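Next come two complexes built around subunit A: one with subunit B, the other with subunit C.
So, the complex of A and B:
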């Protein structure tokens, strides 16, 4: 039975001709089309720490190297480290692999935060090189500017009445090639000899770090470990690529899970679900039970057409037309009142509030591993467009129902 | 059946716990309702300040009939299955972990949630089994004993549950 609820059993066609389950799709009301993750523009809305849920501004996150300053990760198994009190001092320990700061060089300290992380021993040298490269960049930029302007000769004749001399000097200075100040490195000519003992000595694997934890802390040479600052997470905002309106946006605070803007396809497009597992026997006409639900707050008119050109099965029910009442949030979902149990016709066999149960007949020609029933879903719902007159137009998408083997 | 059960007067053993065979429970230990202790092949001797939670199973499967001796301050969490040959002190058996027969658990080991230790032999002190693939490492500190939890349970259980009566006089 759980198989019926699998997301990938019913796939809808997105406007970019990708196939996805309805719950993964979005619906842009401005363009009146379906959108999936790959045809929307993604942008980072806010960066935050997943553990303490602190909101970190983008600039600040960059200076902190995209790490939280308060939360720490286990260098062995990546779980969150928790602070414990041992008398006066505080130590961190992992609840999963029991790694603790007693195994590092800083065993305990007075405060829970501000643990020293591993630092690059060549930090100073590297920043010096970086500064030099920036100077070269300025120099090259100045040279390019001069080629553009071609006004380099006037400067020397000007008096410094308007402070132009100073400007000229500055520019002239920028044009001079800066001297290399960073210490130069001598190339190594003699390498350490590779001893046989590297291959023959017995390695104690319990003392060496795993590859994952070596990658997590590239600055640790050998087996030294320190708590790792928790990497920050980014929260995404999705936009329609055509009209650039937001499709999904959460509230500002990372701890809130309330949407400010949400255009999920499920609330605008009628949802098709398998209702019973279909038994497909070769050569016969078999019933396929599906239900169609309207989750929107407006009435929806629905037309289901058989699309036998794409299908691996022939659908004997060419057209089904019905309308679905709006979804009522206040109604009791658990009540079992069925509006009409008596079948209206051969196809519509059940109606229950905003849900309709359909019986489609399919003809199975041959034995296949996977049978796909292809349908065209047309619906009319006044919410499908921002403008009320356009809301009365019919929308259309293709739907694939994966029925399984025959 | 209950004649073989020996409970220390300071131990709190709920009546709904399922205890069969010759079992001795030491002072200040707490056995939750629906915890299962089965002395199948030989007796089980549980020390002091142990906490055995609901649906946890402790079974003596020693083929030679040797007693399964459990030390002090052990914490057997919900649904853990422990069939070890002997257990030391200050160990933590995580939720739904499995410890096979012929495993000798020494001291301060911690078996993670849903981890299993099936290979026969000793678990060295402070061994920690964790993760999906039952990785092992040696910790630098002992796992924290559930002292405060035990204190609360010792107060709460007598007011809400029927307890098995003590059979050993507090000497």
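So, the complex of A and C:
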């Protein structure tokens, strides 16, 4: 079976002048331009666990430090740990490297979820400092506020019918500098000496964790391991940065593959694909076989132009013009496949439903590791704009065909 | 390559077409065929093996099973012995040659590259791409739109958003381009 699809060998130029395969691009019908991942606004619409596929609300994800509490990763090889019942309790084990919780300090427990992760020994102190800093923040905010509304005199003369007195008291309280409650630390003046043995002593790598598992559990000092909570995944919604319309949005459920909104470039822009592997021979004129497919539900008029200025190969076929019928969703009738086998001319050598097979002639001076054939694609499709009169306009983009050494 | 314009000829001595349109290698090792349901228009290539004798295998439309690929139901061990689980393969699943699938579920529009091993009771959701040579650990689950690679395999990227269209078209084109004729 020949290499399937190979979509990354045909690159289209996005409106932001990035190059990407057509399947990775989007088409904004409001602005009539191509958009890629880097020139769209990305937002996360749902956070979920990739293993149990459970949706986790954003706030909850934050308090759980973006981890799932029911699914665990192996601290050695990152595989998913599976829970087993040992008769009296539950333990976790890895089916790949055979690590199990029996090798950790918590061997088994009554429930499958909520395994304790390694804690920071300074956790309490750090949260105390954090609270204190929040107090300071409030204090500084109150001071800024008073500068802003100096004229706004709220005196104690007011009756407390609207709870103003209480508010006033609160504000007054916030203005007082809070006292430092977190334990104070003495600065260190003398550091431990750095002994040469740190560099010269022989390390037994078989006893220490790999760099990757050290990074996964930064709180482990040395060799202790515990099951690692599965990191959550985020799912993106893409928006056009110019008109802020959504370009891609999935349905609510994390396991859904149904899009609520989809403006895939393939549905609006004719897709160029490699048809046969090209054999490039130096110093001659070689045929390059490509096909052009219209995936749109509207007819497409297409013009392909040679763009020899920024091409490493010179295209001898200056221009090809043709139109493609719309893509028919329901054409499950596969029998009458090839509608015209006789070549229309030297370039358009076959037609099959919504696609044509083209033979372009290319002059090869020098065969490199990667040979680029540059083309200009112009197309007209009534669906490329929201308004029907603008749908009659020609659209244009540059295309790079990457031909291997063969 | 454009699958829509390529024709691969399968010899009528070696391949046969069933009433539901499946194109099957005549000497494929298919065990327990009463437990195997293929919804039609699928291709089973030379020397592939389907073990329906263990438990059921259910496969959707427009699947492509490459040469020498093995599909077998999975099992899970419990304290009182092991239980076999049936295997569900969705629609438009393309499996290249020399793969071993022991999964519980392979979602629709999934493409599995050459020589990949999909471990026991694993679940691959829809629109995933398993890179060639990946080894998927048993009991693992992968969310839709994942690119899965490595040994042990993990998610290394995301497939394009339009994968459902891409793979369903490619699967239909593959079915069309493999013709039984002399």
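Following the convention adopted for this analysis, the second predicted complex is superposed on the first by the 339 of 406 C-alpha atoms of A that agree within 3 Å, B and C clash if a C-alpha of one lies under 4 Å from a C-alpha of the other, contacts with A are read in each partner's own complex, and residues count from 1 in each chain.
Methods note: contacts are C-beta pairs under 8 Å (C-beta built on N, C-alpha and C of every residue); 3 or more make two chains touch, one makes a residue touch a chain.
Computed from a prediction, not measured in an experiment: that's the story for all the values here.
> Quick check for you: in the superposed arrangement, does A:264 touch first (subunit B), second (subunit C), both or neither?
It touches subunit C, and subunit B stays clear.
> With the two complexes superposed on chain A, say which partner A:48 touches: subunit B (first), subunit C (second), both, or neither.
Second partner only.
> Looking at the overlay, does A:317 come into contact with subunit B only (first), subunit C only (second), both, or neither?
neither
> Does the superposition put A:77 against subunit B (first), subunit C (second), both, or neither?
Both partners, subunit B and subunit C.
> Classify the contacts of A:99 with the two partner chains as first (subunit B alone), second (subunit C alone), both, or neither.
Only subunit B is touched by A:99; subunit C is not.
> Looking at subunit A, which partner touches more of its residues: subunit C or subunit B?
The partner with more contacted residues on subunit A is C.
> Does any part of subunit A touch subunit B in one structure and subunit C in the other, and if so which residues?
The answer is residues 77, 96-97 of subunit A.
> Can you check the complex and tell me which residues of subunit C touch subunit A?
1-6, 66-67, 78-79, 94, 96-97, 109, 111, 119-120, 125-127, 137-146, 152, 154-155, 160-166, 170, 172, 175-176
> For subunit A, which residues count as touching subunit C in their complex?
On the subunit A side, the touching residues are 1-7, 21, 23-24, 26, 48, 50-53, 77-80, 82, 85, 87, 94-97, 233, 248, 254-257, 259, 262, 264, 266-267, 273-277, 291, 293, 295, 334, 337, 350, 352, 355, 357.
> Can you check the complex and tell me which residues of subunit A touch subunit B?
Result: residues 76-77, 84, 93, 96-100, 102-103, 206 of subunit A touch subunit B.
> What residues on subunit B touch subunit A, complex-wise?
Interface residues on subunit B, with respect to subunit A: 110, 112, 126, 128, 130-131, 135-141, 143-144.
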